[in-house]
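Each chain gets a letter, A, B, C and D, in the order it is written, and its residues are counted from 1.
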Amino acid sequence: MSRTIGVIGLGHVGITTSFNILTKGLADTLVIFDTKAGLAEAESYDLRDALGGLNTYTEVLYNDYAALKEADVVIFAAGDISAILGGDRNSEIKTSKLAVDQVSPQLNASGFHGVLIDISNPCDVITTYWQEKLNLPKTQIFGTGTALDTYRMRRSVADTLDVNVDDVRGFSIGEHGETQFPAWSTVRVNNQPILEMDGIDYDGLSEAARLGGWKIFNEKHYTAYGIATIATELALAVCSDAKRVFPVTCFDEDYGFCIGHPAVVGRKGILSNPPMTLTDDEKQKYAKTAQSIKDTYDKLKALD
Amino acid sequence: MSRTIGVIGLGHVGITTSFNILTKGLADTLVIFDTKAGLAEAESYDLRDALGGLNTYTEVLYNDYAALKEADVVIFAAGDISAILGGDRNSEIKTSKLAVDQVSPQLNASGFHGVLIDISNPCDVITTYWQEKLNLPKTQIFGTGTALDTYRMRRSVADTLDVNVDDVRGFSIGEHGETQFPAWSTVRVNNQPILEMDGIDYDGLSEAARLGGWKIFNEKHYTAYGIATIATELALAVCSDAKRVFPVTCFDEDYGFCIGHPAVVGRKGILSNPPMTLTDDEKQKYAKTAQSIKDTYDKLKALD
Amino acid sequence: MSRTIGVIGLGHVGITTSFNILTKGLADTLVIFDTKAGLAEAESYDLRDALGGLNTYTEVLYNDYAALKEADVVIFAAGDISAILGGDRNSEIKTSKLAVDQVSPQLNASGFHGVLIDISNPCDVITTYWQEKLNLPKTQIFGTGTALDTYRMRRSVADTLDVNVDDVRGFSIGEHGETQFPAWSTVRVNNQPILEMDGIDYDGLSEAARLGGWKIFNEKHYTAYGIATIATELALAVCSDAKRVFPVTCFDEDYGFCIGHPAVVGRKGILSNPPMTLTDDEKQKYAKTAQSIKDTYDKLKALD
Amino acid sequence: MSRTIGVIGLGHVGITTSFNILTKGLADTLVIFDTKAGLAEAESYDLRDALGGLNTYTEVLYNDYAALKEADVVIFAAGDISAILGGDRNSEIKTSKLAVDQVSPQLNASGFHGVLIDISNPCDVITTYWQEKLNLPKTQIFGTGTALDTYRMRRSVADTLDVNVDDVRGFSIGEHGETQFPAWSTVRVNNQPILEMDGIDYDGLSEAARLGGWKIFNEKHYTAYGIATIATELALAVCSDAKRVFPVTCFDEDYGFCIGHPAVVGRKGILSNPPMTLTDDEKQKYAKTAQSIKDTYDKLKALD
């Protein structure tokens, strides 16, 4: 059967992800959605203008929930990032929650039974909220979470040590936000534990990774290419049942909500969570970042 | 030797093209430029954040003209499309001309001797102007021109007749602007001449193709995916000496400036122009669209 | 739902096609088959050894008909090409027919209801035979036929005229064998009708195209890369419902058996056949090549 | 400048590698070589027959040493694997050495100054011999070595533990032959050290990895897809200066000849060797496998 992928919310992240999926030929049918119907239609034209230069073929539909009935993956990228510009992060919670409230009944009604991947922020909290609103097992709902922070940590380490990013392995975990942190005990560079390497400025690398997004954001007011690449990788991992490990935000049984930590991703979403062997310091940081997510989650619930 | 591609001007088109080149692994080194140095740096971070999910490797540099000395291709995408929003197309001429005036001495000084592809509008006129300013043979300078209009015409025909866009062949030619037109005598659908098919609404198809860009533009205030795909295809055609035919804007000996018409694109840029066998009506339209380009060119020269 | 592709028969063509599908990441599940069970297992290992260097994931199964129940495409590449070496083409008919006789009950029993693409020779006759043996509409069964001859004709023209093969359009049609011929009236080079170009040696080009395969065959005793590429393209066209036109061997209503001629290929196999506007001479050649297929078909039926 | 890759020796491995490079669009020019000139020409036709289905363009030349002057990479895949069938591994030494003796003067004369990657067996010894015969720094000459054994070890572990092969990291090292071994201390599965996991049958995994090639070889009498994929990855790493770590056979300063061990691969070949932190047992095995290479090397020198 053909691969069908939906992308809901056509801000910079959603549409860049859509383009990436199209141009890599990953989906046989791509269904894009936006509350601005004219924009969704316009983007479908811009995407389809690209078909003349591809040797793959993707059907592009828009604002068609019925087409999601047999979809493999739906990527949720709604939300107004400009809320951050105003300095009130709560306004983003409101916007994203409202979007989930609007979209979830339609997704449920469509008969969609694939995997939902949340990009919208605050990612951990919104993913948790999705798990409450959607008629799907929690394992079929996860968010990009610290996968992006991990990319940035890896890029930051690769730059500093002049190695290839593919040879920097390991994870940033926790909240996709200020309290995320690289779990250095998991990081290897050219297959050596970074904790055993000389002259590493861990605080500097953490800061570079953490600030990476802000540096981009401050100049262009959004970030798109890292996150679009991750979302595409995750969608492919689901479609092909790849069983690959990504640090995504998914349900943490100990805490009762979603936190970014390594998970095995396949056709059924989160297949399992490999054990983390964190240091005591990392465990403390994890508890702290979990609390930060909890605080935000409480704010979301207070909106009801 | 490695492939090096430069992209100058990081508006939506320039940066989307850069991302497309990166994610397809076409360049070993990608050099991006913007007059806003902070933005160029930020975009280099956003692009490099994607490396964690690719299995190709691309070095991303920014604002480094020296790195263009051995570059295969430079794509020029500068210019302020928002000028169009104000309704004064002349303001776009000024902006683009100014950008060429600023960039061309640096390109000349860099020792760049590859192929320059102009995306900036008004494309035909700016490409002509590049040919005056750069120390390169005219054949090593061309613009995307009606390649985008051709994609849109093909998409429009493919939609209407329910065929694959790859099976719609032929060209839109002339000015990349209001006076461009599909040369229907060149168009074949599923290998049949469209002029011999029944029930074709040529005016409707022309209008749909012409309005395609505006429909996108009116909603999102820019168009990106079609043009980025074309620019990527053209860059690859140069790097691999593909000798493929594209309707790009290049020097027309009869008129003495650049007009969109079919050209063989390879390592040295425009290798030749295959003969066009237009109908009399199409020849008239071509003369008319050429005059429109000439008028705009005169406006540009009047700016000096 | 995921893409599943089966390949039956792991001679050079079958296994090269399998590798191409794997390395391009087109299938989520690839099921390979061979009567030599040890070989099928061995090839599954060799293919999976490649996974370490890919960024896509494909499950590789072998000799598992049950896995074809929801398959999109099955490619049939069985048959002993060495039969040709002995000079007795009939021995290939026997081998291929026997393979169909053995495989078809298992395919029927599996519940397979996708599209079967035959590569086995004599391709037109074996494809016709498949249509008799399989519980599927005739439109869901076709063969690569003159798609390979068309590639060779295009390559031959591209070489001779120094143009890109993508800019040589048109079809070779008829029997995938000695009587196939380029329908020059359908061929365009850089969008010009080849029949209107000066100095073309049509007989030489036809001969070069016809002899292309023999030249390869005489040296390496099989041909693999052209045919594997076509089979992969066709499989993708089915999976993505591309509605692209290929000259494949499919049922010709006028003749009552399969002949290589242009067809629109999509999810349901052959969606339609665009009208051919052949010259009188080409029509005669088509009748002659059809008769050649009929003669071979009669030989196959005489084997019962 | 364009990417040029040469492949010398068109047995199964050489030609499969060539096809993989072609179909992935990695080279702008591909130059293939075989002592059987007719075969080289025939393969160039078979490869170019595939161009009709690709959207990249690669020029395919054959037996043209002059075209290697600016080549980025030359892959050496000559040698008669059928020698192994006879049970006399020495005959393969003779064949491969003779091939180096014949090819090296022509490569030197061509002005080639890129990176040579040896696939021919016995890989460690022949790579060492190449370093003696070619006018290039030793760092620009390496062999695929235990990169293939590593792929097989990773595949074996991935199969057994039901994880994705990308999440099995680490290296098999030593001779590309019977004495190679997985350095388990380097291996991590889903980012956990395999040595800390319960219930692992290391001997079984080692044996499965070691026997992987033989299982394939015994059935099909060669192995192609794993090795072709590695060679392609390595060629790309050189072209794009990827600085990625691969376990390839390269000069070991301690021993004075080439042994398979992790190396950073980039444009200049071997850029460095990251430190190995082997266990005492692994160090002993490394010494033993080095001795085995030395013994074979002595046999090669005795042929003079």
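Just so we're on the same page, contacts are C-beta pairs under 8 Å (C-beta built on N, C-alpha and C of every residue); 3 or more make two chains touch, one makes a residue touch a chain.
Because the structure is a prediction, the values reported are computed rather than measured.
Engineer: Quick one: which chain's Cα centre is the longest way from chain C's?
Structural biologist: Farthest from chain C by mean C-alpha position: A.
Engineer: Call it same or different for chain A and chain D: same when shared residue numbers make up over half of all numbers used at their interface.
Structural biologist: same
Engineer: Using mean C-alpha positions as chain centres, tell me how far chain A is from chain C in Å, no decimals.
Structural biologist: 41
Engineer: Could you tell me the distance, in whole angstrom, between the mean C-alpha positions of chain B and chain C?
Structural biologist: Here chain B and chain C have centroids separated by 37 Å.
Engineer: Go ahead and note the Å separation of the Cα centroids belonging to chain A and chain B.
Structural biologist: 33
Engineer: Chain D: which residues touch two or more other chains?
Structural biologist: 53-55, 57, 164, 166, 242-244
Engineer: With touch defined as at the start, can you tell me which chain B residues reach chain D in the complex?
Structural biologist: 1-4, 25, 28, 56-59, 70, 72, 236-237, 239-244, 267
Engineer: Using the touch rule from the top, collect the residues of chain A that touch chain D in their complex.
Structural biologist: These residues of chain A touch chain D: 53-55, 162-164, 166-167, 169-171, 186, 188, 190-192, 196, 242-245, 262, 264, 274-275, 277.
Engineer: Considering the complex alone, what residue numbers of chain A touch chain B?
Structural biologist: 16, 19-20, 22-24, 36, 38-39, 41-43, 45-55, 57, 148, 150-152, 154-155, 158-159, 164-166, 212, 215-216, 218-220, 223-230, 232-233
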